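Notes to accompany the following structure.
Chains: A, B, C and D, in written order; residue numbering restarts at 1 for each.
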Amino acid sequence: MSENVDTTLAPRTTRPPASPISRLFESKQLGWIALAIALLIPLLIATPYSLNVMTTAAIFVLLASGLNIVVGYCGLLDLGYIAFMAVGAYTAGIIAKAFDLPLIFTIPAVIIMTVLAGLIIGAPTLRLRSDYLAIVTLGFGEITRITANNLSITGGPSGIFGIPGLLKIGDFDLQEPAVFYYVTVLVVAAFVLAAARLGKSRLGRAWRFVREDEDAAEAMGIHTYKVKLMAYIFGAVWGGFGGILFAAHLSAVSPQSFVFLQSALVLMAVVLGGMGNMRGVVIGALVISLLPELLRDLSTYRYLVFGLLLVVVMVFRPQGFWPARGYEPERMGDVSDRRLAKGTVR
Amino acid sequence: MTVVLEVKNLQIAFGGVKAVDGLSFSVDAKEIIAVIGPNGAGKTSAFNCITGFYKPSSGAVLLYGQNITGKRPADIAAAGVSRTFQNLRLFPDLTVLDNVRAGMHLYGGQNWLDAILHTPRFKRSEAAYTEEAHHWLDFVGYSGARGVPIRNLSYGQQKHVEIARALARKSGLLLLDEPAAGLNYTEKRDLLDLCQRIRELGTAIVLIEHDMGLVMELSERIVVMNFGKEIADGTPAEVKANPAVIEAYLGKDDDEEVSARGDA
Amino acid sequence: MKFGKRGSILLCIATAVLLTTSACSGGLLGGGGNGGDSTGDSGPIKLGMVIPISGSSAPTGAYMKNGAQLAVDEINKAGGVLGRQLELDVEDEACDAQQSVAGANKAVSNGVVISVGGYCSGATLPEIPIFQKANIPMIIPAANSQDLVNQGAKNVFMINGTGKQQSTAALAFIKKQKFATVALVDDNTSYSKDINTETKSQIEADGAVKVVLSTSVTAGESDYSSVVRDIMGAKPALVYWTGYYQEGGLIINQLKNAGFAGQIMVADGSVDPSLAQIAGAGADGVYATMTQTPDTLKGAEDWIASYKKAFNSDPGPYSTQSYDAVRLAAEAIKQAKSTDGAAIITALEAIDGFQMFSGPLKFTAEHTLSSGGFVILVIKDGKFSLEDDLS
Amino acid sequence: MIQLIWDGLFVGSFYALIALGYSMVYGIIKLLNFAHGDIYMLGAFIGFAVLTSVGGIPASLSIGALLVVMLVSMLLTGTAGVLIERLAYRPLRGAPRLAVLITAVGVSFSLEYGISALAGPNPRAFPIRLEGNVFVLLGARISLPQIILMLIAAMLMVLLNFYVEKTSTGRAMRAISLDRNASLLMGINVNQVISRTFFIGSALAGAAGVMAGAYYGKIDFLMGFIIGLKAFTAAVIGGIGNIKGAMLGGLVLGFVEAFGAEWFGGQWRDVFAFAVLILFLTLRPTGILGQRVTERV
């Protein structure tokens, strides 16, 4: 997505000229600027409420970046994504509470459980087309929630509460709201960066190939089912970490937090922001999670507005507000050596 | 000469219709073979059987003597078969370079951890991917912009990219499905030349083609199919003289006949 | 996002550490408006109320808000507390943990000194550590899960009967009416399941009555034929529905349609005028375990009249408890002569005989009501009326 | 046991009515109309609005009134379906499936929370109630309203079947589901036929909504969500795109759920239904009556 100055002989006509604003938005430093802003905000406003809202938003960004791997990169419509967060939050909560451990030590278990969840949800869906896939993932999401509601190990309908904090060493408690906010922002930033980098690697390309044309990808030797499973697994792990942060933030986990609506909200963040473009998704997630807080009094109408927004965006801008632009630098370095028409018989 | 591909009595049926009914031929290294026949003769179905997209009802496909019948397309591709599609199957939203990189997926050279951490290994491998992608685009004589999405390209350019992608797979066998369709005279001459250069790389080519002039000039052997059955297999001269082939083409009232005469 | 400036990461981490340390020292830059301002001696005393304003429990939230507002207005008219006026700060929880935490934090940020909200147990649970950390006592008017006090947080006081007390009342009535067999049905929410399991264990410990069925249904559906089948098969003398009125109405209707001959009793979550509407003709004669409502209280006519005058509507479930919660909060602040959390908690623990709708108040050691105040109501002509005050 | 079968059959006939709309729309434009369950909810609320505005209706007239209200509701929900297709789905024809699906999710949200904003989030008691005698047949309790509603459902399905099999529009529908472009070339007004499909499917769901309101007596703005999922499950079990399959699938799902609830307990019923859906989709995605289709490369 980052653009260099174009120095090739290639015609530029096919590429829309970048306005100063879009150049700013495409800037490599944008991520760092955003992170800096996120880190500076508490200096201006640090009420428990504002910290709480911003922490929630940051966790939501993490979820959206994880779902973006599944939906945006790999094109697998997942309507039950929140199930991965549920698995992460419950695993972390149950273990931390049972052994009275700081949440941070539950990370290995959460990774194992979410990878398993990714495999379990991913494996049966590999052969399915997108619309069937959507329903099956929705089904899995509901199954996860209902199961958590019915089992006693998950605390049944009241869930788990009184979950220990992330980590506490002497007087230094990561659970202190301001500290926790910074921890969350840094963790989320790391995951967003990791997801963005994955997107621009061999695996990330394979995801896009599968999204664009599965048969052609197969013909190139890409095992589409392995690649899809990888997308699920990464999505699941991202969701799992979201779950740990969620459990630490609320100190309680209950099934009501993992209803279909939540999955739909994360999906909206991804879709509105621009599927496949990590920056757009981050913006989308911030909008979706902060807007309702700003409009707290209008909460009755927010899902109506969201629903209409989804339709309008899809009809007029199906690729989202800030989609992946799909350009990359032309040849770097030795532009003189084009070997263009070599061997062409005239 | 090593035998690259051997197709033995291949059959596939959809419902009651036998799309391919007893196709057998073999391909030697560096050989160029054409599969021709009227529309609906089962040529593309045969390709799909060979590359694993269809599971043949019976018969066998051997690659370098190894049985690859009924394997997954990805496994067959990994074993050394690359292909193009009848109607371009590129990745329309991805850049030209990314499309060619698809052919290089099996090169490996990095894993997900490298990607997240941006290790030197990752950077090396990405640079190698890019360089190689440029190389193959140069090789097929692609002259357009390379950092733009495929959508923005002309049909001819897209054809080039698809061949570059297939070549980047670096396999011993290349299946081209109607590579000349929609190309003008100069472009066809370029294609002819390209195929010769591909052969020089050590790659055998099997192509489905309707342009008889191209087929006659390019291929060493020709397999003729009609209604799923193989009706001839021989050198261009032999096939041209084969009464069954003539009947298949002249007996039918379609454009095959016209192009066969016009371009021969 | 190419990995451009390695230095900038270090910079960012450095900034973060810096900010973190400054954050620990309290109000970050410029001592931003952190909570606790109103612990000063001027301005109104703020009461936080985190209740459902949106979502499916929104109607109850409105009843609660009105009840609390009525008390606030009365106290203010009488001169306030400690010479200061009271002010209600209502935040939405939508019965969702995430929103309730945001709401609680907002209340803390707004500088409330005491919380008088809490309807959905699942959403109220995660509020506890937030108020606890801010040294803010919670008087919970409606949420009644035993889990709320099981954590042993010192700042939590429940003035609604707990699931345990409700179960005791149910058992007392069951024995009084000599129902030999009971079926317990919950809707798989924490409130409902709590009562179901508690009732079951109490009945089994008592031994006089037999539980022939204890099951759950999924809330939000229309067809409850499977539970109706189970009940018809188990043939209990009484079905005790511990869930909310939406499903309660459907189950009563479907049971009656299936020709169920036994009696039906519902828990307080189903005590709503809509229950009878949804249940249709079969609703008459359905019992309910409930704390006193203004409708059923003798001598509450004045209160109902002033409620009607203020809000132009009838009071509903938990209007009285919310009203009492505010009055209790005011009383505790008066006794403590301070808005300091610890002082208020001590004052609340010391309160004895404070008159509420449910009777004179005294907290137990675990901060629940010493007597639940549960009574038995019955539906007559589509309206709840007092059947048995269990005294 | 017989009771179980009867209960399953009764719920299944609701599923079938809604599944039909899913299946028809999927068959003709390969769209999973996520908002279809909410049309059912819309139907119930339209019925509610009509009955409330008319005022009290004597119980003796309730069946007649129900039929009239059902017709009105069918007309309106059918129109709503056509409008939704026109405004939300048609502009996206040819767009990636993901985009269309997300649009459908958006429509579903708009309907649910639009009604919630208009009628309030509280559940409403339906103004008329079908009451009737219960009699015991082969050990199963069967009530008169159940029989009436099942007869109405069966009648609607028979009519639909006749329409699809025997009329020219029905033939056009089947033609489009086989090959839209060829149908266009053959002079079929594809847009019109798609509109009609939406109308019929939505009208059936609207009828089911009114029936559910009258039978169960309670309606709320989220009532379509779960039943929509169930109906989709039914459509898949029967073979999506296949009208008889949708009917069969509805009844099968009704049975499966009744037995699942019996064996595992009511709180596991939905888990059981979804598990069956996932099993079907992975093991036999074409359903009971569907034809195996080879996807073209």
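In this section, a contact is a pair of C-beta atoms (placed from the backbone, for glycine too) under 8 Å apart; a residue touches a chain by one contact, two chains touch by 3 or more.
If you're wondering where the values come from, they're calculated on a predicted model, not measured in any experiment.
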* **Neighbouring chains shared between chain A and chain C, ordered by label** => D
* To do: By the contact definition above, name the pair with the higher C-beta contact count: C-D or A-B.
  => A-B
* Structure fact -> Chain-centre distance (mean CA atoms) for chain A and chain B, in whole Å, is 39
* Structure fact -> Rounded to the nearest Å, the gap separating the Cα centres of chain B and chain C is 71
* Between chain A and chain D, what is the separation of their C-alpha centroids in Å? -> 34
* Which residues belonging to chain C are in contact with no fewer than two other chains? -> 54, 58, 188, 216, 218
* To do: Going through chain D residue by residue, note those that touch at least 2 other chains and give them in order.
  => 121, 267, 270, 297
* Junction residues of chain B - those touching two or more other chains -> 53, 85, 118
* Asked: In the complex of these two chains, what residues of chain A are touching chain C?
  -> 1-2, 28-32, 35-36, 39-40, 42-53, 56, 146, 149-150, 156-159, 161-162, 176-179, 181-182, 185-186, 193, 196-197, 249-254, 256-257, 278, 293, 296, 299-300
* Asked: Given the complex with chain A, which residues does chain C contribute to the contact?
  -> 1-2, 4-5, 8, 12-13, 15-16, 19-20, 22-24, 27-30, 32-35, 53-54, 58, 91-92, 94-98, 101-102, 105-106, 108-110, 121-123, 125-126, 128-130, 134, 145, 147, 151, 188-190, 192-194, 216, 218
* Structure fact -> chain D residues touching chain C in their complex are 3-4, 7, 10-11, 14, 121-123, 125, 129, 131, 134, 141, 143, 212, 216-218, 220, 222-223, 226-227, 257-258, 261-262, 265-267, 269-270
* In their complex, what parts of chain B are in touch with chain A? -> 51-53, 72-75, 77-78, 82-83, 85, 89-95, 97-98, 101-103, 105-106, 108-112, 114-116, 118, 122, 125-126, 129-130, 134, 138, 141, 143-149, 152, 165, 169, 186, 189-190, 192-194, 197
* Which residues, counting only chain A, touch chain D once they are in their complex? -> 71, 75, 77, 79, 124-125, 127-132, 134-136, 138-140, 142-143, 146-147, 149-150, 215, 260, 264, 267, 271, 275, 300-301, 303-304, 306-311, 314-315, 318
